[in-house]
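Taking it in order: structure first as structure tokens, then the write-up.
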Amino acid sequence: MLSFENDYNVGAHPRILERLMQTNLEPQSGYGADRFCESAKARIREAFSCPNADIFFLTGGTQTNCVVIDALLHSYEGVVAAATGHIALHEAGAVEYTGHKVLELPAHDGKLDADELRAYLEAFYADENHDHMVFPGMVYLSYPTELGTLYSKAELTAISQLCKEYHMQLFVDGARLGYGLVSPASDLTPAEFAALCDVFYVGGTKVGALCGEAVVFPHGTMPKHFLTIVKQHSALMAKGRLLGVQFDALFEDRLYFEISRNAIRMAETLKAVFREKKCSIWRETPTNQQFLVLEDTEMKRLRENVAFSFWEKYDETHTVCRFVTSWATTQESINALRDLL
Amino acid sequence: MLSFENDYNVGAHPRILERLMQTNLEPQSGYGADRFCESAKARIREAFSCPNADIFFLTGGTQTNCVVIDALLHSYEGVVAAATGHIALHEAGAVEYTGHKVLELPAHDGKLDADELRAYLEAFYADENHDHMVFPGMVYLSYPTELGTLYSKAELTAISQLCKEYHMQLFVDGARLGYGLVSPASDLTPAEFAALCDVFYVGGTKVGALCGEAVVFPHGTMPKHFLTIVKQHSALMAKGRLLGVQFDALFEDRLYFEISRNAIRMAETLKAVFREKKCSIWRETPTNQQFLVLEDTEMKRLRENVAFSFWEKYDETHTVCRFVTSWATTQESINALRDLL
Amino acid sequence: MLSFENDYNVGAHPRILERLMQTNLEPQSGYGADRFCESAKARIREAFSCPNADIFFLTGGTQTNCVVIDALLHSYEGVVAAATGHIALHEAGAVEYTGHKVLELPAHDGKLDADELRAYLEAFYADENHDHMVFPGMVYLSYPTELGTLYSKAELTAISQLCKEYHMQLFVDGARLGYGLVSPASDLTPAEFAALCDVFYVGGTKVGALCGEAVVFPHGTMPKHFLTIVKQHSALMAKGRLLGVQFDALFEDRLYFEISRNAIRMAETLKAVFREKKCSIWRETPTNQQFLVLEDTEMKRLRENVAFSFWEKYDETHTVCRFVTSWATTQESINALRDLL
Amino acid sequence: MLSFENDYNVGAHPRILERLMQTNLEPQSGYGADRFCESAKARIREAFSCPNADIFFLTGGTQTNCVVIDALLHSYEGVVAAATGHIALHEAGAVEYTGHKVLELPAHDGKLDADELRAYLEAFYADENHDHMVFPGMVYLSYPTELGTLYSKAELTAISQLCKEYHMQLFVDGARLGYGLVSPASDLTPAEFAALCDVFYVGGTKVGALCGEAVVFPHGTMPKHFLTIVKQHSALMAKGRLLGVQFDALFEDRLYFEISRNAIRMAETLKAVFREKKCSIWRETPTNQQFLVLEDTEMKRLRENVAFSFWEKYDETHTVCRFVTSWATTQESINALRDLL
């Protein structure tokens, strides 16, 4: 069975497994107080040129979003997100479960628009009843977005400045951060990216790890007692070493970015196949997610041999389907898909 | 550095790492819909003789406690626990964060007493104001307890019957379940144990896994939409295979119980060393946690070469310290400790 | 100072104050276990022709919305509402604070559209990822809406049937219920209205009471231990008699509907004045809220003598303003406003 | 029917009803932005000699406790209370519903002991695992306590200093504050009392109001956006005037303290009757709650003519019962009770 279902459909990059083997029986303290976590943090600080960064390792994306959002917001604040943002749509209300409203703005190719954001903020504070409304305390965006698109440096800068102006925090969901930063369409270096955020996370699960996301406060502003907050959110891993070892491996010799490049190369190849096969392309993107419109019987037929994922109904008889490449995607699998199309 | 700090101070049992290697590049769907999870569930159902059990894999213990407790309780219900119960003391208020009160009863060697439980329940319902109080909706206990002790079959049966009588669910925290069931002091088979519970979890993190706990509803009563509830609690692992592969390995050929036995054997050896060295024993237990009272300067000296954990202050100049064995503890490490004592 | 600011800008209908005086020193039990509450419930059951209704008195609208929504939804469910719904916009995120997402659909004159609702529900269940999304467990709508409009019997019936079809509860916010049911534009009797709802509340605060809303489960489906749930939500009034006496007075001789008619008559007069004065009308409604577009300096001038409320910015130099009548509005006040326009 | 059931069994002090009548039709803005609230705040500041106090009016006691505790604590903090404290026992878990643990210490006649509090705090911070525990962020106590007892000035001062030392807030539940401060057993003036608290509330519901509690931050430290926090907790009253008018009346000419004295005088008379009748006294207190042990058949017989409240089971055949006086208790009712005993 071929699989383009998502970027978490196989295990870990071999270097990670190797490292887990090598370090397996070395005793270390729990909860992140191990030497692997320390080393991994140092490497991430270096990779993003933020020597004063506070870093904490968590297990998964939804968990990371919820812990960060709830830890940073005041109770009366919500988080602004695009209507297609992961927290708005596909986290089963996990953010609301922490008591905070997701304040949805329209998505444009998955992205927030800085002008619309400004208009919303101006209207909010001009509204004489805003004390009865949810205050915008944070802006959440994904890089790349859930639709595989990228904010330009100018776009991210504009949003970052608005956040400063309105005393909001800018939180960037980097579940697929590697795939974004190595895309030829990106005009941001890791250092520039980090400098614009108040907090972001470096996704491991979708970029070669078994699990794990690294929360980075590039300017050293991690809230006091963050470990306890993490524990309270049921998000503190006992064997924190599992996260430390993985991120240490991922950021040794910039492996993280290296393996991300494979996903982008394979995505380019995939797009070429789609064009060659005259598939009905719904959306081509500069990162590792590509979207087709498939007629429903064709979709069923194809699914017998290929795993890919449902995105949304297109019309009565067609479905938008997502094909994803990753660090692990091979040329062979794309060739095989080509034969099936 | 020797370590008796806890039972999660090293990586995973080698068979688990092997299996992760073998299955690493086989694509599988996410969120637990993979063949490893299916296989692991079948093995667990067999090991506990509960063919109709519903099973769900989660990542860590506090997370499992919170998801289960919140999923099963009505909003107006709390969970009864011993004052020394993990949820009462060492989970940073994670249960309260889900909105439920932990109703603490006195602990006797870490255990709830069925007679006190009955007295509490009778008093609750006899209280004319109980509509203004938190209803007891569940009993939580740990097997083994946080102090390494075990409920006898008679004790667990008495509590289980009380739960039925008062329409409460019995939830057993099995973070160290293997170490309990294989202890010579245990008079419960896995099947008998499972039959007495409404829900329990099989701890992986402390018994050979990198992470992971298997929630078991032995009578097939997992709540509807449990996956969504898990997601809402930020507890759904994307690469569910990581949990499936591990539990599949742990329950192949009863490896789980096999490796648990090592911890018990090593604990017996450790107790013998403590006695031989005339250490001031605070508590000897039939499982894998042993407790000493150490004079504080002695404690500091010993800590230079051995990791063990703080339990509580004994008096101004002494501290209760915990020494833990696990599936990975070696005779060599105990010998080395003996030389240091 | 004239006031058309809202329908809660004065105290209570004189009959309520009278009744409070008469009953003041009669001892009664607390928390709703008093004879006034019993009598009020009987009268409300009669007024809405639902003899088996369960009824509970709460203090305010937001509180009522939160208690009802949280008590009736499963944790993984959200509540569908129009984007202009009170819970979506003007309750400071109080519903999200209880852990539930408000699932916003477009508002048409403040109303949900049944066809759009059906389309949303069909898309939700057709979405292969809906287990990762918030389930629609309830539909919330306001009668009249926040914009003063009314659902027709056909519209409410269509939504009610959709709710049954999709196993959702229909909850109607009746903060201004009296003003809706007595409007000549309403084609619903109280009995027809009640029969279509799973739960609704009869607003007291905006229709003559000092405070208080009566939650009605017309089909007798109030959740078990609702009093405890109310207490847990900090919403149980110690002197429940305060609510009982007021609703008892309001539903004696159908006073509630009687005094609601005054608001509608005065609203008609107000609309006539606006038309006569060639005001820039933003929205005329069949109930007690009317909306003008005022030029900002004109708005400021008028505010020196009249209280009315900000609705939203219309453009750079104009504001939409709301003028509200109530049971207490007098012809004299409208005449005075006319002189000022 | 005689009633000594509680101190909220009748309506309001006549001066309050009068004032509600007088002000009834004067239009005022909602949500506390009315002239009555302003005036009431000024009077309360004067009564407690805290000219910089921030004051906010809420509706009921449990609500006030929850709003204050949740608004002031960090998410990882809990509130320390006596095991008999109202928030620990009789609020249906409303504080836990806000996500915070109530950290229970032993009660001595309903009171916290400063030495035990210090011992708990020292042990907490000495515990090497305290990052996995709930931090004590606030001390909650009631004045008078739920058992009618009073902290002495020395006792309250000791606790207040501990709070400062350990960076905790001191919150005093003054549901019956009047009855405490006017008790001859009290050695605290209102000014001294206020100066020792970070926040307290002046109970209205139990001291002459229909409803209402005044939250006082004597040192002007009310959190930013408190109104929005109140709204988010469903606790913002639309007709805030109802609270303003009542507290304005209660603090005009120190009526609040004046009427509190009646409760104390009547309690003294009641105690004399109990002694004269050789009742089995469980607890005599210096405030308005007195407790008897009644044989169960005697209790049933007495209940035919007198309302009083269940406190707790004493033994198989006896019950502790509470008799409460209030601002409204008359000598006649006590005479009548005497005849029945």
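Lettered A, B, C and D in written order, each chain numbered from 1.
Here, a contact is a pair of C-beta atoms (placed from the backbone, for glycine too) under 8 Å apart; a residue touches a chain by one contact, two chains touch by 3 or more.
All of these numbers come straight from a predicted model, not from anything done at the bench.
Enquirer: With chain centres set to the mean of the C-alpha atoms, which chain is at the far end from chain A?
Expert: The chain lying farthest from chain A is D.
Enquirer: When the C-alpha atoms of chain C and chain D are each averaged to a single point, how far apart are the two points in Å?
Expert: Roughly 33 Å, centre to centre.
Enquirer: With chain centres taken as the means of their Cα atoms, state the distance from chain A to chain C in Å.
Expert: Comparing mean C-alpha positions, chain C is 41 Å from chain A.
Enquirer: So which stretches of chain C touch two or more other chains?
Expert: 75-76, 91-93, 97, 99, 131-132, 228, 231-232
Enquirer: Chain contact topology under the given definition, line, ring, star, complete or other?
Expert: Complete.
Enquirer: Where on chain D is chain C touching in the complex?
Expert: Going through chain D, the ones touching chain C are 1-3, 5-6, 8-12, 14, 17, 20-21, 23-30, 59-63, 65-67, 91-94, 97, 205-206, 210-211, 228, 231-239, 241-242, 307, 328.
Enquirer: Using the touch definition from the top, list the residues of chain A that touch chain D in their complex.
Expert: Where chain A meets chain D, its residues are 70-71, 74-76, 99, 131-132, 135, 225, 227-229, 231-232.
Enquirer: Which of the residues in chain C come into contact with chain A in the complex?
Expert: Against chain A, chain C makes touches at 75-76, 78, 89-93, 96-97, 99-102, 104, 123, 126-129, 131-134, 309-310, 312-313.
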